[in-house]
Every structure is written in C-alpha cells, then in structure tokens.
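Several structures are given next for inspection.
Heads up, the next two complexes both have chain A, just with different partners, chain B and then chain C.
Take a look at the complex of A and B:
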C-alpha cells in the first residue's frame, strides 16, 4: 500500500493512526474500567467483615475456608487481659512434657506463637502473623482455662473484603459481622 | 444396539430418581461429618481428662439445691450450720436444705462472706470489708488498701480477719476493727516466699485446725501453708491435666480444709474437686467434670465466654461433707464420704 494513500483517501487509516487511536481507545476503556471499579468499591467500602469474639467458637473453619491461600484471619492478643502465665494453655499442649519451646510441647501447628521470658514466673506471648493460619487452637486453650486474651480477628491488610465472605458461610458460631470500615476491629478489652 | 438401552420410561425415571434421592440422603450426612471432622482437627483436645476413673472417687453425691440468686461467687458455712452465699450485691443466708433465711445487701457485687462464732457476718466487695450484726444491720466497714484491691475470699482466725486480695496478690490480716496487722504471702526473698501468681481473681484462704492457713497459688499450681505471722511452712502441688495435678494455666482456684486437716481443692477449666493429704499427697476425687456439665462447657467453644466466668468453690462441715458451689449452674451440690465396705 502506498503510504500517502491515507492523505489522498481520508476514509483509510494507516498503521500509525490505527495504533494511536487504538492506544487512546484502550486508555479510555481502562480509565472507564478503573472509574467503574472505584465507584463499585466505594459503595462496599462503607463496611468490612469482622469476627465478633464473643460469638467465636474456635471451630477452625477460618483456617480452611478463606479464599486467600493463607487465611486473612489471624490470632490477636489483648495484652492487658493476659496473665503472662508460665503454663500458657494457648501455647502449650494440654499435658506438655516440659514447659519449654520444644515442638512436642507446643500446640500451634505453625509455631506462630513466640514465648519470651519476662521475669519469674512470667512469660510474654507474641503472635507472628506471617505464620498464623487462624486455626484458633490457641484461642480455645486460652479461653477454656485462662482469661481469653487470645482471639481471632480478620486482618484488613490482607482481607480482600469479598461481597460474600467464604468463611462467614461456614462459621459455626455465626460470628462474622459487617462493621464500619472506619472501625474495622472488634477488640476484647475486658473479661 | 438395542434401541431400548438408552430409552428411559417414565417409570424407570421415577424409580432411578427415588434411588438417587435415597443414596443422596444417606451420603449427605456422611459428607457433612467428614467436613466437621476436618474442621475439628484444630481442636484443643482435653476430652480424655473429662472422665474420672471410678477408682479415685472418694465421695458420693448427696443432694443439691439452687442458690437463691444467680451469679454466686463464694460459699461458706457458719457456726449455726447455715450457708453464706455471696451472689450479685447480696449475701444470702441459707439453711442446710437450701431455704433462704435472710439477705444482706451491699453497695457493690458481693465477692465472699463468712460468719463468726459471735454471730457477726463479714462480707467483702471488691475493695471493702463490711461487717453485719446478727440482725442484719451494718456495724462497720473498712477499705482494703492498695490501688488494685480485689478481695476474693475472707477467713476468721481468732481476733483476725483475713482477706485474700487477688489484685494486690496478698493476704491482708486485719484486726476486728479493720486495722492492718500484717501482709501474708507477698514476695520476700529473705523469708523465701516466692509470692502469689494470680492471673484471674481466684485467691482463697482457709484456716486449718492446726493453725496454718491454706492459700492457693494458682499461677504456680500449688497450695501453700502459712502461719498467721506470714511464714511459709509448706507447699505442695504440681501442674498437670492428669487427675493428681492442677490443670490449665492457673489452678487451684479455691481451697477448703477438712476437720482432720486434709485439703479440698477446686479447679476451673476442668471443673474438679479433689482431696489431698496433709503433706500434699493426692488422695482422691470428690467430684469430677462429669458432675458439673455446664461448668465444663465454659470456654470450650460450646459456651465461648472465657474461663474467668467459670469455676467452683467449696466448703466443708464438721462431718466432712463437702458443699460445692457451681458458679455457672448457680447451685450447691452436696457430697458425702463413701462408706467403706
């Protein structure tokens, strides 16, 4: 084709024009899509999912039913409620051989709880959220025997805020609730 | 090829549908069980500790009665054979059959109450001891020192009132007017006293006829025996979910002394009442978790309030019968020693 054909024939489009127009169209479409997404999300951004700790029955479904590869549900720790126990039932198996960090004595399946000596006989327990899978085994032990300072929350730096949370559909305690995005956590503060 | 092989009559269709429905009906619950089993792989399993081996049972149940008010916290038995039960903002005076005889009112939640030989009743709120005359009129009261005062038990020894303060982790010794005479059980390296470890408000004190005070030290999983002057004479106990130890993070939560000096202990989490000899040797079980089904569910996921709302308290009469207050079921269960055949 003669490159001057488009000048002589206004109905025809050369490759450069085609690419330029195509690029513009793509940009407009992308912008439109982005705008649509922002508008769509802005309606949902008013509320996010959260776990009501007073309803949670530590069924374990949070670890296995989140759409993410590693659940967005994590164990969190209300330090003000914690007894800093030497024998923490959130950390140790019900009948440990010894009160040390041996894997056979610890109940967390991913070793996500760190135990740090404070002073005799007190120890501090810290959750490593990168390792925590939200199985709630520690929550069960802490709540049964102790003060219930360990509990589950959806971490919003990970949660993708699905319209219908997959865990909420199988939550045994019906503990999943929608909360204002401005106050996204339901924290325990007292017994 | 048989043309009828792929043809499905209406009768066949209905029959196969019915068969499919039956198979589906049988399979669905099984699949559901599988899903449940998969979910429960993270369970904190203490089921094996909830059954008491009958060879350890030393007592038989001998009746029960409900507490006059819910949310009861402590029980004691007075000189006239009456129970003093602290519940809500009242002290309920109850006869041995469970009939309410009188009610004493406080301005705050009643944590515990005891009665003296002189007919006076001593009750405690979180940070105050209140003394009532026999007729129910308030005689005097005093504040328990310390910013974190949380009185969880009272005892009377001669002219001393002992108040177990979970918040300040000490047993206060007052005279009958409320003047501080001493502090028992505080951490003291020179006297080789390690101090109380009390993660939740369950510090108890009980005098024995040998003059020694039995005090639970729940964070250290043991019972400690002190003189009235505050010397630590003896301690015993070990952490274990097994029948001979104290389970969980912080047990025992209450103690009582039998007339012969042996000790009765109460636990939460796995609600158990047990007997220990003078030297701390495990002797047997008064009542296991089977006797307190509601209490055993506390914090277990079937009743997800935390363990601080569960628990038991016990008191003992002159015949060695044990009266156990179930804080969850709001009832008193009576246990009598088994007769030896």
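Take a look at the complex of A and C:
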C-alpha cells in the first residue's frame, strides 16, 4: 500500500533513486546539523515582550503600533512611588485652567485616569485599563515633572505575544526586551 | 549604492576628534551626575496617610503558562502522526478535514496562530546569527518536526496541521486551473520570500514573514485594517484558487517542498496500480497532478528542443547567479534601512549640526534625542549592520538567481512517467484525488472489483506497478538539493 522506494523494479534501481536517497541523506544531515547548532541556544522556557520603563521615552508609538486594535500596552501605577499630589503632572495638562476632572484640563485623551480624594491634600490616581490606549502622555508628565510612578507595561492578559513585537521595531527608546514568561513584568520600584 | 553611502555613515563617527571626544565624555559625566542627583530622591515624597489608607497593589496579569508551550508541541507531534496515518493508512480525506478543523481551532483561533511553523524559520535563523537570542523550544519544535515528517512522508504538516493551509483548504469551493506559465512563474516566489525572511532575520532587522502574515489577523480577529483586508481578500481568492498563499508565497512551504521531493514515502493516487483510466487527471485543485509521458516516440521528437533548452539553462545558471549577486550588492544600502538602527543613524547624521528640537516632540525627535546621548555607539552599530548587509544582500541576490535558474533547468528536463501521480513537491497530501481512482473505490467496497477498467495499455502485473519515482517538472529548488 505504501510502496517504498526499495520496491522499485530491481533491474533498474535507477539513478534517480540514487539521487533521491542521497538528497534525503543530505536533507536529514543538514536538518540535524542545524538542530545541533541552535540547540545550545534554545531555551526551555518561553519568552514574552516587555518594556524596560527606564528606557521608555514616552514617544507615543505604543498606542499606535501594536498589532492589536487597542494596544496591549497600558499605563500602570507604582503606588508606592506616587506622591499623591493634588496637582498631578501626569493627570493635568501643564497649565490647567482648573484642578478638576474636566477633559480640557487632563493629559489623558481617553479619561482613563481616575482621580479619587484620599485625605487632604492627597489624591489617588488609578488607571482604567479598558480605556487606556498606552499613549504615554501621562507617563511623560509624571516622569518629567513628578515622581515617575506612572509607566508603561505590556499587559499579558491582552498581549498575544507576537513572534516579534511590532512596537519593538519603532520604539523611540529602544525599550522593548524579551523577558522570561515566568517573570513577565519590569515594574518600577524607584526613581 | 551602499558602497557610496557606507563612508558617509562611517566618516562622522571616525571624525570625532580627540578634543570633541573629551567634550563628549565631559557632557556625559555631567549628565549622569545631574541625572543621579535628580533621581536619587522623589520630588514629592510619598505621604504618610493619617486615615490609614492602604496602597493598592500594582496588578500583574500572568503571561501564557509555560506548560502550555509543551502542550502545543505535543499537539503538533500528535497531529503530524494522525495526518500521516490518515494519508497513508486510512487514505481518508474525511480524517484530514476533521484534523484541519481541529487545527484551525487550536493553532488558529485559540493559540492565535503565533508562533507558527512558517515564522519559526526566522527564529531559528536569528538563533544562528545572534548568540544573545534564546530560541524558545516551541519555535524550534515547530520548525523541526514538520520538516522531519516531510523528508519521510511528504507534506503531512500542510495536509491538516498548518492552520493557514487548513483555512485555505476549507474555503476552496470552486477551484480554477491556474495557467501553467503563471503557476511556474509564481512558484518561485516562496523561495525568494524565504531568502528575504532569512536575510532580515539574520541581520536582526525584522521578522517580515510575521509582519506580512495575512491570516494571523483573522485568527486574532483583531489587527490593523490593511492586514485584515489583505487576509480576507486572500481567502476570497482562495475560494477559486487552491491555497494561494501556500503555493505562491509560503516560505516554510518552500522548505517543506524541498524536503518532500526527497521523501522516503510518497502520496499516490491509487492504492493499488494505475489503470491509466484518466479519472484523476483533473482531480487536484493545486495543479500537482502529473500525467504519464506521451511515449517513447514523442519523447525522442522532443529531445532536440529539450537539449537546447537545457543548454541555455546551464549557461544561464552562473549568469543569473552573478547578476543576482550584483543587484543584491547594489541594493545593500536601501535594504539595510529595514533595520531601525540604520535608520536612526542616518537621521543622526543628517541632524548633526541642528540643535535638539523643542516644543511638541515627535517619536522621531525623541529617538534622536536618545541616540544623541551616545552617538558613537549607534553609528558603530549601524556600520556593523551595513557590513552585514554588504555580505547578505549579494548572497540573497545570488539565491534569487539560483532559484530562477533551477526553475529553468527543471522546465527543460523531462522525466519519463508511466502513471498518473501527484508531484512530490507540489502535493499537499490533501487526499482529494484518492476518491477519483476506481481502484480506491474498490478498496473501500464502493465498487465491485469487476468495475475496474481494463489496464491500458499494458496488462496488469500481479505486483503493484513499479513506482516511478520521478521528480515532476515543477520541482523548483529540488534539483539543486538532489545534486548536493
């Protein structure tokens, strides 16, 4: 049923047959050789993409270059680093008309940052990840004028872990790195 | 072009005179000190809440679990075995359709089509050329397993495991015949695409095979509009043209084709012997069916013309390779701009004398600001990449020339064939043609044994007809492999 090459007419184990066997031997040998060469560089554990927040320059490409319609990159908040400022430079435009939640005063184009009063004079800032598009406007404001507690991370509940992250090729800060899948975040802990 | 441009990249780097270099060092030191002083302490110390407010945790949703990667490999291996079983033992198209649906669901929609065998070529290439890159074992398995099966049993992977192939296979409703010249011409594209994919992966520039994958956005049900539209358009085309991506683009298919040309076992239309009834002649929607050669007399008549064509092809071989290499060399410069570091290095040189931009900064401005902090490093890197391209593009060009030359050679070579049989390389092992063979229908008990048409022209031998292990006319890229 599966005639193998060896069942060919015994009288003419022909040249073609010989070439094919040789070709197969070559193919197997090169595949094996290749395997041997890369096996040493292979890694049992998978890798995922992540942003090194110390290299991010808040260029905005994260919002526009992810393969997903809404970027898998989101702003995250290291609360322990935050000053809980009343005048948050991540939240408010550089020269806000008023310190309220009016859209014209806010950095965030999608109103993804929630500002809640804690106690005088402190406010807590929380990111609504369903709204955040990863544009880094708030990160820019917070890092340049504030404590830098807002930063971007790839969120792995959304990221589809592209073979090559599309943002990594356009990142102005060259901030994208592969990290082990078991430790998939590079969180900021200090300034 | 590149050889003109390379010095332009090189010069400023080399021309940083010692005095400047000192200045640079000083600037850097000042910057670092300033930075350190600036960032050592938070500008606004975190408060001590009197109300006892508890700080929220920063959430970290986990990535895909590691063991799932091993599950993928197991499913792949199991699928390949099942596909091979369905092709050779069961000779069952139904089984392959079931497998196809399964793999569309698992590798396609559930796993979102990534990392796939097609893209894994790039991962393996990158691992070869970049010692810093850790190759995930999943990518390696997706590269090696289908190829290992191909050298033994042909394209079992394409038959029902590859989600891309399965998707196209299932939408194929009204196959039209692609004219031979077009089929042959487009048939070299996968090899060129493969070469380009390897070139850009080896230089660390881009994974173009992933970037321009037409079906991944469909599996993700998400993506940029242009790619979604391209994917849907290709699928619509696939309703009439059997597996357009597989036949005319897929770079991994090119490798599988080479593998299956030298495979140990091959797919045959008939389970028994070929009665030359011609029923299967038009059964293959992928243009893989080869007909018996017309006979000794016709062969002899065509010989003179074939010889001439063969001679032309042999003479053209070195010419094409040389021309390709030369063209590749000429385009090293533009090609190297696929690498982001080269692009930013060129911007750096252009903007050298201008002060940093202020005001609203574009991503490019910010990138420039970043590399300005250490321009030497960027320029050195860019020059290194340029050098890689100066070697890589001529090789790529030569490869394109070689592929075209081998195509011409294979067109000039006529193989003698006694039976109807699928081309080893072009056959996707989809099992469609089996059902056209009366011998197969007898095997299945659909027809009585007496229904088999009489053998034509020779009487049926007792033993299965000698399997004619011919390489079919379109065996592009395989002749070289065989010779090797």
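Keep this in mind: the second predicted complex is superposed on the first by the 146 of 191 C-alpha atoms of A that agree within 3 Å, B and C clash if a C-alpha of one lies under 4 Å from a C-alpha of the other, contacts with A are read in each partner's own complex, and residues count from 1 in each chain.
Heads up, the rule we're going with is that contacts are C-beta pairs under 8 Å (C-beta built on N, C-alpha and C of every residue); 3 or more make two chains touch, one makes a residue touch a chain.
Everything numeric in this text was worked out from a predicted model, so none of it was measured.
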| item | value |
| --- | --- |
| Larger contact residue set on chain A - chain B or chain C | C |
| First (chain B), second (chain C), both or neither touched by A:157 | second |
| Partner chain in contact with A:107 - chain B first, chain C second, else both or neither | first |
| Chain B versus chain C as contact partner of A:117, first or second or both or neither | neither |
| Which superposed partner A:20 touches (first chain B, second chain C, both, neither) | second |
| Partner chain(s) touched by A:136 [first = chain B, second = chain C, both, neither] | first |
| First, second, both or neither for A:144, with chain B first and chain C second | first |
| Which of chain B and chain C A:126 touches, first, second, both or neither | second |
| Contact residues common to both interfaces of chain A (with chain B and with chain C) | 57-61, 83-85, 122, 145-148, 172-173, 191 |
| Residue ranges of chain A in contact with chain B within the complex | 54-61, 63-64, 83-89, 94-95, 99, 107, 109, 120-122, 135-138, 140-148, 172-173, 191 |
| Chain A - residues contacting chain C, complex | 1-5, 7-9, 16-17, 19-20, 22-24, 26-28, 31, 34-35, 37-39, 41-48, 57-61, 67-69, 76-85, 118-119, 122, 124, 126, 145-148, 155-157, 159-164, 166, 169-170, 172-174, 178, 181-182, 184-185, 187, 191 |
| Residues of chain C touching chain A in the complex | 39-47, 49-51, 53, 55-66, 69, 88-89, 112, 114-115, 119, 122-124, 127-128, 131, 133-140, 144, 147-148, 151, 206-207, 210-211, 217, 220, 222-224, 258-259, 261-265, 268, 271, 340, 361-364, 366-367, 369-370, 415, 464, 466-467, 469-471, 478, 481-484 |
| Touching residues on chain B, where the partner in the complex is chain A | 38-46, 49, 194, 197, 199-200, 219-221, 239-242, 247-251, 268-269, 298-302, 304-309 |
